[in-house]
Amino acid sequence: MSATSPETRHGAPFAAARSPMAWLGIVPFMIFAILFLLWPTAHLVIGAFESKDGGFTFANIANLTQPAILNAYWLSIRISAASAFLGGLLGFALAYAAISGGLPRWIRPTLTTFSGVASNFAGVPLAFAFIATLGRTGLVTTLLVKWFDFNLYHTGFTILSFWGLTLTYLYFQIPLMVLILTPALDGLKKEWREAASILGASSLQYWLRIAIPVLWPSLLGAVLLLFANAFGAVATAYALTGSSLNIVPILLFAQIRGDVLHNPNLGYALALGMIVITALSNLAYIWLRAWSERWVK
Amino acid sequence: MRESRIGAWIAFGIGALYFILPLIATFEFSLRMKRGEYSFEAYRVVFADPRFQASFTYSVGQALATIFVGIALVVPTAYWVRLRAPQFRPIVEFITLLPLVIPAIVIVFGYLRIFNSSSLIPLTDTNLGTDALLMFGYVTLALPYLYRAVDTGLQAIDVRTLTESAESLGANAFTILTRVILPNIRPALLSGAFLTFAIVIGEFTFAALLNRPAFGPYLQLLGANRAYEPSALAIMAFLVTWACMGLMQLASRGLRLPTTDTR
Amino acid sequence: MAFLTLTAIAKRFGQNTVVHGFDLAVERGEFISLLGPSGCGKTTVLRMIAGFETPSAGTIMIDGRDVTYKRPAERNVGMVFQAYALFPNMNVADNIAFGMKVAKRPKAEIDARVTEMLELISLPDLAARYPYQLSGGQQQRVALARALAVKPQVLLLDEPLSALDAKIRVSLREEIRALQRELGITTIFVTHDQEEALSMSDRVVVMHQGRVEQIGTPHAIYNTPKTRFAASFVGTLNMLDAEIKDASAGLIIVEGQTLRIANGTPGAPNGSRCTVALRPEALAIGPARPGDNVLSCTIEDVQFLGAIVRVKARCGAHILSVDTFNQAGQPAWARGDQVEIHFAPEHLVVLD
């Protein structure tokens, strides 16, 4: 981490061309990455394939298929997918309205700034905000009763449910979508629409044949990123539901605190499952982004 | 033309409603602590709570330490990769993106296994060691944002020419970094620092699982036991995040100036 | 009646009027350039013909049909944009076919037309390439083919060459002109490059601050500019302050030396001041022919440019730029030489 260590050899100009010792300069960074990122992760990944006595086994992975764990994965995937899909859709609508909807100029920077704030306003405070809004005594819940005689909680809704959590996640998912998608929407050239219209295409034809084909890698990629974002989120869900909702991050949280699965190696396998899912969606995102950048130069 | 504008206003209106309602609701709720009247009682109670002061101070300290260590780690590395070791760029960039791929809860799970009392590096044996571990964890979380901010900042200035001219004037490597490079990427650093602050200040997972008295776990504990104070805290957390993002935007606006000068 | 007519066209954006009372009549098959600096309103005029902007006043007629308030798709015009607006998700063939596809033409007809267009732009082998795989010049040719594929009545070109390298720019402008002649299509070409406008057009419209300064053939625009702006924007020009000595005889005084004007005496009383213009290539150094005007000057600088030698000569307060062809037998001028510069009276243009 010291700035001086690698280049104090006398006589060698600091800005000289590549030297065989170039790797020395990134040693501090590599040590840090190995200690606090790679080794801890590798430890869990390896542990997932170890039996209690240290031998190699697939038993932990196979054990993930027990109903409680499988249900947790399934619920996690559903919540993440729902919040990613809805977040993607609404974020797209909002970003498009702000950029190409003919709204006043001040809207766009306002939206960008707010999105920066809201996409980082996840975790415990967000959970509080939604309890105060849609909880049993929340403002919106009571106002709905007062004004429309409509009790949200009689419909079976609770803030601790699938939809409650999804609605809460949307608070950081939509802004994240806006932030990711703005550059892609800026890449849609005004001339494409004009060229299409002068060639006789309707607005619908422009969207179906040009705008959506150009945008879809970015759209899909962004939704995948939102999916990974929701899948790894712990604090919001934990603060909102305690341990009452059986999703993977909360199950893992409980496992880390108290070995609720009574098998440490099964815990590693649970973590490995999370890594695999978030890694796959991130890889797909990176791949799709590279693909969409190929077109829009 | 006309219809799409109406559609845009509708989208914007619904969006604004969805984002502003929870803030209004939370604020309204935080004012209801005294029965039958609106008051800032909840805020007063929170500020008077010594655990609030302690945990907030602790998290601010963690955030500042994270920013300091993060910059000390990222700036020389990004600088070195740009100037002398471009062949390592792909691997360094890949590593800086990993914290976005590996969920935080998985990373901290790994920490608890390899830095526990029976391991080679038993950091969690002492409070100070655990504090350090938490800080390193936060550096890891901030790595993707910090590295990208610094790298963009370095891109905007001509690192090689600056370094060579500083060298020809007799500066050594430490002087170059601290007196030439750092001041020139200050907007990028500030921008990364404010984002880091926003991430660290309310972080829950790392702090809770490493059992440190940080602001995030305090919030969660309060939320489980109290009614009105959590709302007051949520409003305050929102304002802190807003301040960080606002400062970040101000800082990155300054970022563009050097670009226009060099082109 | 002309094929494309613009009558008293005006365009206001809020308080800001960008086009004032613009009149233009274009014959069938004519190539017209709108020439002017950026912000002169030329692109706005083009976009009003295309239908992307609606005029605040005036009418636009194409082939006897009033299209002033028609949508772009209903006008039967083709357009090529400055920043090659090819659809990035389609290959070359699909880009060219786009207009026919949305018009639901039969597939066989589309295929035949695409092949024909690819031959026309000399890129028959690139049908399957995507825009990002093409050079700028190739992209702009494809954009041209896409615009022409639907057989528009009018072709609009919005600075189509300005994003290209200098060399390709020259070859492509020759290609565009040849193609336009071959198809006989009425074309409006917007540019800020006077060389492009002069070399390609049947007629040039010089625009300034939303108004027409002059409409005429390239020859007329260059040799007999009507306004000070037209004179200064097109080509380089020596401008001289003069005093009218005898309006009826066409005599003026520049720096105390009497000169004769051939065409058009200034419509001002004797003794008043006016501005006259001279092209650098109209001037020669050396012994005067009979009847020529002569100015005595001192050489300030000599720039040797290969085929051309550019001499800067001082005449009182004026510095005259003189372009002469490089000839082997020519004397080598040096700074400080006293020379006589001469030119025919026809070359003196009096500006308003």
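Note that the chains take the letters A, B and C in the order they are written out, and that residue 1 is the start of every chain.
Everything that follows uses one rule, which is that a residue touches a chain if its C-beta (ideal position, glycine included) is under 8 Å from a C-beta of that chain, and two chains touch if they have at least 3 such contacts.
Since we're looking at a predicted model, the values are computed, not measured.
Engineer: Could you classify the connectivity of these chains, where an edge means two chains touch, as line, ring, star, complete or other?
Structural biologist: Shape = line; chains linked end to end, path left open.
Engineer: Tell me which has more C-beta contacts between its two chains, A-C or A-B.
Structural biologist: A-B
Engineer: Starting from the mean Cα coordinates of chain A and chain C, work out the distance between those two points in Å.
Structural biologist: Each chain's C-alpha centroid was found; their separation is 55 Å.
Engineer: Distance between chain A and chain B based on Cα centroids, please, to the nearest Å.
Structural biologist: Result: the chain centres lie 17 Å from each other.
Engineer: Would you tell me which residues of chain A are touching chain B in their complex?
Structural biologist: Against chain B, chain A makes touches at 1-4, 6-8, 13-15, 18-19, 22-23, 25-26, 28-29, 32-33, 35-41, 43-44, 47, 90, 93-94, 96-98, 101-103, 107, 113-114, 116-118, 120-121, 123-133, 138-140, 170-171, 174-175, 228, 231-232, 234-235, 238-239, 242, 249, 252-253, 256-257, 267, 271, 274-275, 278-279, 282.
Engineer: For a test of understanding, state which residues of chain C touch chain A in their complex under the given definition.
Structural biologist: Within the complex, chain C touches chain A at residues 50-52, 71-73, 75, 77-79, 81, 83, 85, 87-90, 98-99, 102-103, 130, 132, 143, 146-147, 150.
Engineer: Can you check the complex and tell me which residues of chain B touch chain A?
Structural biologist: Counting only chain B, the residues touching chain A are 1, 4-5, 7-9, 11-12, 15, 18-19, 21-26, 28-30, 69, 72-77, 80-81, 83-88, 92, 95, 98-114, 121, 136-137, 139-140, 143, 160, 163-164, 167, 172-174, 176-178, 195, 198-199, 202-205, 209, 216, 219-220, 223-224, 230-231, 233-234, 237-238, 241-242, 244-246, 248-249.
Engineer: Would you pull the chain A residues touching chain C in the complex into a rising list?
Structural biologist: By the definition above, chain A touches chain C via 189, 191-192, 194-202, 205, 209-210, 213-214, 294-297.
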